[in-house]
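Lettered A, B, C, D and E in written order, each chain numbered from 1.
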Amino acid sequence: MPDFVTSYLGSTLTPGEAGNQFWALVYVFVIFAGVSLAVMSMNWLERKALAHFQIRLGPMRTGPHGLLQPIADAIKLLLKEDIIPAGADRFVFWVAPLIGLLAAFTVYTVIPFGPSQAVSDMNIGILFMLGVSSLGVLGVVVAGWASNSNYPLIGALRSSAQMVSYEVAMGLAVVSAILMTSLNETGTGTLSMIGIVRAQQEQGVWFIFKFFPLGLIAFIVFAIAMVAETNRAPFDMAEAESELTAGYHTEYSGLRWSLFMLAEYAAMISVSSIAVTLWLGGWMRPFSRLLRGSAWDLIFSLFPAVTFMGLAAVAFVGVVRMPRRSDFKVQKIGLAVFGWLLGFIALMLLIIAIAGRSNGAAIPSTVNQSIGYIYWFLLKVAVFMYLFIWYRATWPRYRFDQLMRVGWKVLLPISLTVLVATAIVGILLS
Amino acid sequence: MNSAINATNATMAPVATPYFFYGLATLAIVSAFLVITRRNVVHSALALIVTLLSVAGLYLMLYAPFVAGVQIIVYAGGVMVLFLFVIMLVNIDRSYKEKRFSGLWPIGLAAASALFTLFLFAFIKGRALFPDRMMLLPESSNTQQIAGLLYGDAGKMGQYTFAFEIASLLLLVAILAAVVMTKKRA
Amino acid sequence: MARTMAVNYGSQTMAEEIKPPVLLSSSAQKTGGETSAAKAASGKAATAKNPEGPVPIPWAAPLVEKYRSQYGSGLEAQTYLGQNYVTVDSSLIPNFLRQLRDDEQFDYCVDITAVHYPKREKQFEVIWILYSFARNERLRVKVHIADGASLPSSVSIWSSTNWLEREVFDMFGIQFVGHPNMTRILLPEGWKGHPLRKDYGILQQDQEWVQINLGIESGQ
Amino acid sequence: MVPISTLHYLIVAAALFVLGVVGVLTRRNLVVILMSIELILNAVNLNLVAFSRMWGNLHGQVFSIFITADAAAEAAAGLGILIAFFRNKETVNVDEIDLLKW
Amino acid sequence: MTLSDENAANIVAGTTQDHVSGNDSPKTYLDSNELIINMGPQHPATHGVLRVILKLDGERVLGTECVIGYLHRGVEKIAENRTYAMFNPYVDRMDYVAAVSNGLGYCEAVEKLLNVEAPARAKYIRVILAELNRIASHQLWLGTHALDIGAMTPLFYTFRDREEILKIFEKYCGARLTTHAFRIGGCLYETYAGFEKEVKNFVKFVTPKIDEYEALLTGNRIWMERTKNVGVISGPDCIALGVTGPVLRASGVQWDVRKAQPYAAYSEFEFEIPVGTTGDTYDRYLVRMSEMRQSLRIIEQAVNGLPEGPIMAKVPKVIKPPVGEIYHSIESPKGELGYFIVSDGTTQPYRLRVRPPSFVNLQALDVMVRGLLVADVVAVIGTIDIVLGEVDR
């Protein structure tokens, strides 16, 4: 294999830092495909989880347990008529979803799935993330305006006012986490996403537990603000169908509408990634200080394989529990194939976990490690995704003025206080 | 001067820098042209966003990542959203029917062309004033160094700390002014 | 004349009065207009024999005495199946109702409705159903008015009567003077006629609509 | 290909500056004029950052951050004035905003 | 607020500016002229075909006008052309989520006119079914009301539990929604085998479920923020507006027809009338929740004390009430449901008037939403608990 392929595997730098264009491109493609896939499965997961919260079954017909539902939805959306309202500004109408999508996807360039598993490690990583994700607001405003209709316009103004307001509290919460990175010998913090996780590694504590309860409060502020930032329940003014405005994407249909949805879910994943990186130790496995030693390392490195085994088991249980009727035959086979696929992945992960232990083995131990990094990172993000669904099933919707009040009069003072307190505590301790 | 650039390229190898520069510069100028010529204000605003983003790209090429980040957050994410908000609040239907340019546009254009000529003249005449060199700036500690200038370092007050505080006061005044002016009269 | 009728409206008169089907069918024959209501009613009238039942008896109560002394013959109080009602002259209406609310604590106007007796000279009987929370007592106030006559509105007395009066207007065409918005409420703005009048033919309305909107002869 | 020098950036900045000036001088819509001012400020910023690179210190970048803050303040105040104008005169046209009172 | 045709046309198109506000100088909409916005009749939160025209100052509601009648079927006219027995199923179609209550009120009114009384067992069955229906109605109200405010999940919970009630109805009389459960003079159907056990089981089943709904909503901060001090109406205002039912009780007036003028067998049961204090949306919610619990109490007593005996009084085959008139009202889940029947001695009512609680209660909407925000209108419409079938008849 050429050098530029193999050199990265043993390197501790991201492709961007190392100037490795091949791997950078690979990451870009993997992330693009991965996020799209994640959004699709998130769609399925949300419908199923929400359904089970509400004592329903959710999609059951398209594929076993509705597994093919996202694909069916995607095909339906692609084939739907693409309506541009009369009097709409055609170009802006066309470009608005792309702005949102671009903003949501560009952010992924600096998300660190591992110490070297990112497209690039930017010096201003978190600043870049906040800045680019705030560009999504433009897509919302412009979409509402271009629809040439009153309700989308009001909806767009509301959504963007909401996003801009919560950005303030969100940014201040982020700053208090960045402040924590400077608590080292040199006294300099960092804005780099990888640097932030490294700082948690060096200080041996996730920032959520740092200066208890300051880190926790900052995290909670961020967790609330990020729900509002992504226009999700209970702050989903855009989807408040029972109220006056149905939101900025009222006039959109088919593919364009699905681009908005894609952007929304991608933004959910990216803000969750920020939360994970800043407060939950990013790619670090839990108890990396407490439970050390090669035995613990082995146990934790088995987690990915075990997870996939569990998923495979769930699939097989699903096969067994299906009614013994002939019309379920295809579904049974499909689910079984899906289960075997998961099982195969589990097997591969197991082999890597066992064989990648020693340095001299055929599989470099870095591969084993990177699987661990990515696994823990994605697991933490998945918890946030589940929380998003949980919120939606549990809470009523805020009224718009209450929502703004929460943003400006509750979250902003809290995050300011936490910021000042963090700075004072940091100075006193150093 | 070439050596300086080469020295930069040796450590960090940006891909085909000149192409990026020309691309971003063209984008910035073309969209700036669109800003002042479009009849529809929203189109102007969108074009301005493109200009701002391309300028941010140029900052990155100048090894000023922090300024680029600030440019994206403050301009593209903040100021332009404000602009779009205001455009949507004020009724822009009328501007379609109106003349785009003021009656004095030939004079303005002439004055601006004269200014540009002056600039070019100065550039050409004063080539020697701009030493043709590129200093290597440390990119990785860019933010820290700016912070040092702004807030001070190692217990000392920074060179611009006072100016920074004044700037924050300015922002406060601007916020108050905006609130007072847009408030409805009782 | 009208007043005496109203006053005499008792058991016997009522039994006599309430034979609208006969009148309806005869009037229908006269005009030649065959309304479904009239038809149905005439069919029913042939077999109708008034069954024996309880009859309204005069209602004596302090309340009645008080107002009879004030209004004299313009007020007749009766009770039927334990339910009390007062028949008053239409000229007493706003004042009497206001007195009931202010002095007798009938603070809740349950309903306003009307009954159409086409045979009578005063075709409409408008009924206020009142309730007093303090006395836990219901009372009906009745007024007889002629077709085309109007009544003063009682919205200023009970705000609940706003829509109720509109509905009476909608269904019977009785105007309430002083009502803030005397328009139709359940039926659309351009509706012709008032459906709960006995001479209102559903079939005619239906055919007219069909002819105008669909351009065919009959919807039947 | 010619290596990119400071002069290149200066020319781009000059072009942006002049386009901004043209916008301020010729357009009638107040919103566009404010946007043109943003263009001018950006041109200056670009100059400052280019000079900062030329001299190899960060003072230019610090100044550009000040200017950015200034631009944000200017936009807030300018748009506030604009809304106040619009509320009273129903126009954002500078040619019609020519009275000292309303 | 009356609307000219031109205004109406604008309203259909979406929004319009109201130039009737008396401002001489031409102003822009930034300067908060009144804005008229049309809600419904095709709107998910107006519970059917209610159309509300909102007069707004920005987001604040200055006034409302309800346009009703889209579901008007002329029930009162139909009654004049049907015999007493034939009209019985029609009343189910008014408040179709509480059909049993409608039938109960009608049958009792005619019985009163006929001067007969239903046997004790029939009265008990009536009470059981009517109270079950009250629970079902409140459950449906809760689900849709919560959905309006943005909580999706309660809807599914309440529909799951309402299903059990509908199953009992179905087993009893064969219908789930428009039950036509009672006849003039009593009940047509004897209880099916296992009826009592099933009802008892239902009481046991649903008691923790009501706690479950409350766990989701009662202490929920967002729910409280959306409902507390929203749509406040005072007790005297309620009385003046003729508002009855839970809305009246939430405003602190302890009045229930079941207690004030007991009908059926209600005088024999112990139950309380829950009242609120502030008369806001939250209080109305709490009142309805505890009303469900009280209903369960009544059901339990009724099932335990269900007397033996006939279920039908002696009623002539052809129902011909004597000449006369009667007003009879019951406490339906929405409020006081009254029937005013004038008989001319024939087999058909000479005049039948329904006093619909929803219709009268809906008048209070204007008082309740004045000064609130647009999003609250949805909450307030939900909290009045209207059924358009009953409003429009």
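We adopt the following convention: contacts are C-beta pairs under 8 Å (C-beta built on N, C-alpha and C of every residue); 3 or more make two chains touch, one makes a residue touch a chain.
Treat the numbers as computed from the prediction; the structure is a model and nothing was measured.
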Requested in this report: Enumerate, in label order, the chains that touch chain C and chain E alike.
Outcome: none
Report summary line: The larger set of C-beta contacts, choosing between B-D and A-B, lies at B-D
Report task. With chain centres taken as the means of their Cα atoms, state the distance from chain A to chain B in Å. Result -> 31
Query raised in the report: Taking each chain's centre as the mean of its CA atoms, how far is chain B from chain E in angstrom?
Result: 63
Query raised in the report: Distance-wise, how many Å sit between the C-alpha centres of chain B and chain D, to the nearest whole number?
Result: 8
**Report entry** Residues of chain E touching at least two other chains
**Finding:** 28, 30-31
Report summary line: Among all residues of chain D, those touching at least two other chains are 83, 86, 90
Report summary line: Note: in the complex, chain E contacts chain C through residues 2, 68-69, 72, 74, 76-77, 80-81, 112-113, 115, 239-243, 253, 255, 260-261, 320-327, 329, 336, 338, 340, 342, 344-348, 350-351, 353, 355, 359-360, 362-363, 392-393
**Report entry** Complex interface listing, chain C residues touching chain E
**Finding:** 14-15, 18-21, 36-37, 40, 44-45, 47-56, 80-81, 83, 107-111, 113, 115-116, 127, 129, 133, 136, 138, 140, 158-164, 167, 171, 181, 183-188, 195-196, 200, 202
Report summary line: Touching chain E in the complex, chain A uses residues 50, 53-56, 149-151, 233-234, 236, 240-244, 392-402
Report summary line: The chain B residues in contact with chain A across the complex are 12-13, 15, 40, 42-43, 46, 49, 65-66, 68-70, 72-73, 76-78, 80-81, 84-85, 87-88, 139-144
Report task. Flag every residue of chain E that touches chain A in the complex, lowest number first. Result -> 14-15, 37, 39, 44-45, 59, 146-153, 155-157, 160, 216-217, 220, 222-223, 225-226, 373-376, 378
